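The following blocks contain the structures, represented as structure tokens.
Next come two complexes, and both contain subunit A; in the first it sits with subunit B, in the second with subunit C.
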Partner chain A sequence: MKSNLIKSKIFTLLKVQYSNMLEYRVEIALWAISGIIPFFMLNIWTNNNLNESINISDVMLSRYFLCAFFVRQFSVVWVVFSFEEDSLMGKVSPYLIQPLNPFLRYFAQHLAEQITRFPFALIIAFFFFIFNPESLWIPNLGILFLSIVSTFLSFLIQFLIQSIVACLCFWTEKASSIERLLFIPTLFFSGLLAPVVSFPAYVKSWIYLTPFPYLIDFPANLLSGNETNISGGLSMQILWIFLLFPLFKKIWSEGTKKYTAMGS
Partner chain B sequence: MNSRKYLKVYKKFLHTSFASELEYKTNILIDLITAILSLIGSIFLLSIFFQNNGYIGGWKFEQALIIQGIYTILNGITNTWFNPNLTEIVKHIREGTLDFVLLKPIDSQFFISFKKINPSGFLEIMLGFFLLFFCIRVNQINLNLNFLTLSSITISCSICILYSLWFFISTTTIWFVKTWNAIEVLRSFLYIGRFPLNSFSFSLRIFFSVFIPIAFITTIPSEVFLGLSQLWKISLEIIVATVFLITSRKFWLFALKFYSSASS
Partner chain C sequence: MVQNIIDVKNLSKSFDISLKEPGFKGTIKHFFRRQTKSLRVIKDISFEIKEGEIVGFLGANGAGKTTILKMLCGLIYPSKGSILVSGYLPFMRKENFLKNITLIMGQKQQLIWDLPPIESFYLNASIYDLDKFEAKRRIKKLSDMLEIDKELFIPVRKLSLGQRMKSELLAALIHEPNILFLDEPTLGLDINAQRNLRKFLQKYNEETNATICLTSHYMKDITSLCKRVICVHEGSISYDGTLDLLLKKLSPFKEILIICRSEEDAIKLENFGFTVKNKIKNEITIKIENNSITSSLKTILNNFDIEDFFINEPPIDEIIGRVLSKKGYEI
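== the complex of A and B ==
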């Protein structure tokens, strides 16, 4: 009974958010376009033959950056910005009364956005293959499945981190600047701009202990068929989720106790 | 036009926006750290590119740092003036508060472009200048009058182009209402301004000098620093900047004809 109820809740949320997202197709298309930085980076790498020094062929590198683009497309998280706005506007109060954690609503929003984004990402990939026909490949089903799982896990990690930051809104009101601070290491260490393999040794020695390489580098390597430690990567992702989830639970319960509606 | 009146009004703008920004003091501190980390991150990325290569697109590491410095200054200017003001246009148009702006006995473009200021961008500008001074030392650039005038002319032209680009996109809000994501697209394109134009492939180079003149924004001023720039390039930049400024002004006046206030 209870599980049925939760199921129907999730289904309704997704349906509502999906139709909501469909209203702003152009916006989502533009958002998809704004993620093309990996392709510019690829251009720098191959145009200057930088990849020779890290022993990755042009084709493998272009697949890597294409996959990095895809992984990024389906792991973009903006919950902190939505939550900050809602909390400043006082919209959080009605959400709190409902028998539903507000973050589930944001979660459904993100998933719905990813579904809407999918065709646009495919179109961009299509153009990519027109310009680089030699890098076309078909990953086998098992790998495809595993990389979808790991992309989703990467999305979960980022969603949890941002939700934790968002909960800081209960204390500071403007938590988005903390998110912008956290975005810097995500940008440079996740492998979006350069594969982690190419990093100097003094960074590589500790980078794999942080969550960053598992956000983009690991799923992208997996999907593109570059060398990577599959079981190690997946277990690190799961480990990070298990570390972050209780933290989120804790900060959420502390925060809601602290919460005073705007204007009171 | 009455320039003394505008100066007086601008002083008031500065006063009010400083007062409201300083309310979030920790925010400013976090933004400062973000700016520093962001610069360190991009230098780190550059060092990855250069770790096995002496040259990228014909630029040495120390020379590429100049581009990085100019980009940082321009990004600081964007964060101080363009970003807080021009994203506000979206809000003005969605909520219909542009009416109040238009009714004021002051130029609407002036009001919209300079109303707010974000003091945390100042540090980024300063960081950029420090980096530039460092580059001047390292590259042994002669500081003579000729160099100083040329570099200040080209950098101010870059600022004008950058402003016009931002203003163009924000103006389209009058038709499309939500251009938040178009700004993100612009941001991601501007990102390539961190790298020498010559490091990209020929087709991208054409794209970034003809369609979106990012080439002019950072590469030409850096060439001036190195004494590589030809006179025709500098004059071309001046022409492009003037054309952009005038068209953005014309475009704003044209767009205002289509403004019909919110919910009408």
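== the complex of A and C ==
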């Protein structure tokens, strides 16, 4: 009975957020298109033959950047901005007195948006293969499954990092400025602009101690078929989730004591 | 014996606010060295509310009414003192406590802006663990009570303020809470919408015996719903008791306009010993203490030739306004 109610709660939350997201389908298509940074980077890499320095073929590099695009599409998070706005406008107040953590609403919102994004991402991939037919490949089912899991874990890590930053709204009101600071290492060390393997060895050893390479580089390498340590990568993703989740819970519990319900 | 459902003891709340001097110099100073001040907005208040009561919180802007409601529903953390609502510490926000209460803030909405209200209702129903059948039944019942029907299927952004407020109420009441915290629920509504909302709240209270804590600047909300009022002045309670007693205390007199058949009678009445407020030709207005109205009227009717008379209730807005505007007004 209890599990049925939980299932129904999750299903309704997703269904309603999906209906809401469909109201913004044009915006979502534009967001999907705006995520084509990896294709620009691919162009820079191949035109300058930079891939030779890291021993990756043109085909593998183009697959990597296509996968980076896909992983990015399904792991992009903006919870800090939503929460900050809701918090400043007083919209968080009614959510706080409901028996559901408000972050689960945002979580459902993100999942719903990913579902809405899916067809647009497929269309972009279709055009990518028209222009790069040599890059076309079909990953085996096992790898595809692990890549989906890994992309979801990457989404969870990013969601937790941003949720922790979002909770700082209880102290500073403008938590998004802190998120902007995090954007720099995310951009450079996540593998969005360049595969992490292209960094010098001593930098790489440090990067792998942070959560950033597990956001895009690891799932993109996994899906594209590049050589990668699957169990090590997945373990690091899970480890980061286990580290970040209690931190989020702690900061949430301390933050809500500071809440002043301004704007309401 | 009716149980206390809300028990507040020595409650205080302070906020830290940052101070900034005006002008460019002030801005630079504020940037480098921020000065903060602790502002005590609620000062050591205590009160109890019984199950099924409708209590109005009265006070000027910034008196602390909304802060009290926010602490009662667990939205903000008290600085000192204790609160028990339905046996729970509100700030712990235990699931069973949250399923028992609701907070409605005028013009602040929880409905999803781009979707019809019905979607938000089903979402809320699932958040409160109601199955689809039960949710449907409650939506039907509440929408009948609130007299909304086709509005349920129109996107929220297309609804009028009144329709939106009704939908907000439905969303907030779908879990049939026992305790309602209403912060200016009629704010911005037209007279008819205000009346309908009051009627609905009255009915809801009668049918479910729910406890209602209400703040409003519209005196009609208070007079038609609340028998008991708590007056808040600069964070302290200046009065806690029945509205009738408050009005009697603040206005122990009634004004009676007497129309005499002749001006001579009016002159005779003027000199009879009553407190005369004014006299125009054969019309005379006298002030009589509330407890001697019947006897005074008998005397007047027996001794003077009266064409008509009118007993004027003191304007409640004016009386309450006096309480709210005077600093340290003793009641």
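Heads up, the rule we're going with is that the second predicted complex is superposed on the first by the 262 of 264 C-alpha atoms of A that agree within 3 Å, B and C clash if a C-alpha of one lies under 4 Å from a C-alpha of the other, contacts with A are read in each partner's own complex, and residues count from 1 in each chain.
By definition in this document, contacts are C-beta pairs under 8 Å (C-beta built on N, C-alpha and C of every residue); 3 or more make two chains touch, one makes a residue touch a chain.
Since the structure is predicted, the reported quantities are computational estimates derived from the model, not experimental observations.
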Clash-or-fit label for the pair subunit B, subunit C on subunit A: fit
Partner chain(s) touched by A:E23 [first = subunit B, second = subunit C, both, neither]: second
Touched partner set for A:I97, first subunit B, second subunit C, both or neither: second
Where the C-alpha centre of subunit A sits as vertex, the angle toward subunit B and subunit C in the overlay (nearest 10 degrees): 90
Touching partner for A:T12 - first (subunit B), second (subunit C), both, neither: second
Which partner, subunit B or subunit C, touches more subunit A residues: B
Touched partner set for A:N48, first subunit B, second subunit C, both or neither: first
Overlay on chain A, subunit C to subunit B nearest C-alpha distance, Å: 5
Subunit C-contacting residues of subunit A that also contact subunit B: 24
Complex contact set, residues of subunit B against subunit A: 24, 26-27, 30-31, 33-34, 37-38, 41-42, 44-45, 47-49, 51-53, 56-57, 176, 178, 180-182, 184-185, 187-188, 191-192, 195, 199-201, 204
Subunit C partner contacts - residues on subunit A that touch it in the complex: 5, 8-9, 11-13, 16, 19-20, 23-24, 90-91, 93-100, 256-261, 264
Residue ranges of subunit A in contact with subunit B within the complex: 24, 26-28, 30-31, 33-37, 40, 43-44, 47-50, 52-53, 172-174, 177-178, 180-181, 184-185, 187-188, 193-194, 198-200, 203
Of all residues in subunit C, those that touch subunit A in their complex: 15, 70, 73-77, 91, 93, 95, 98-99, 101-103, 105, 108-110, 112, 114-115, 119-120, 122-129, 131-132, 172
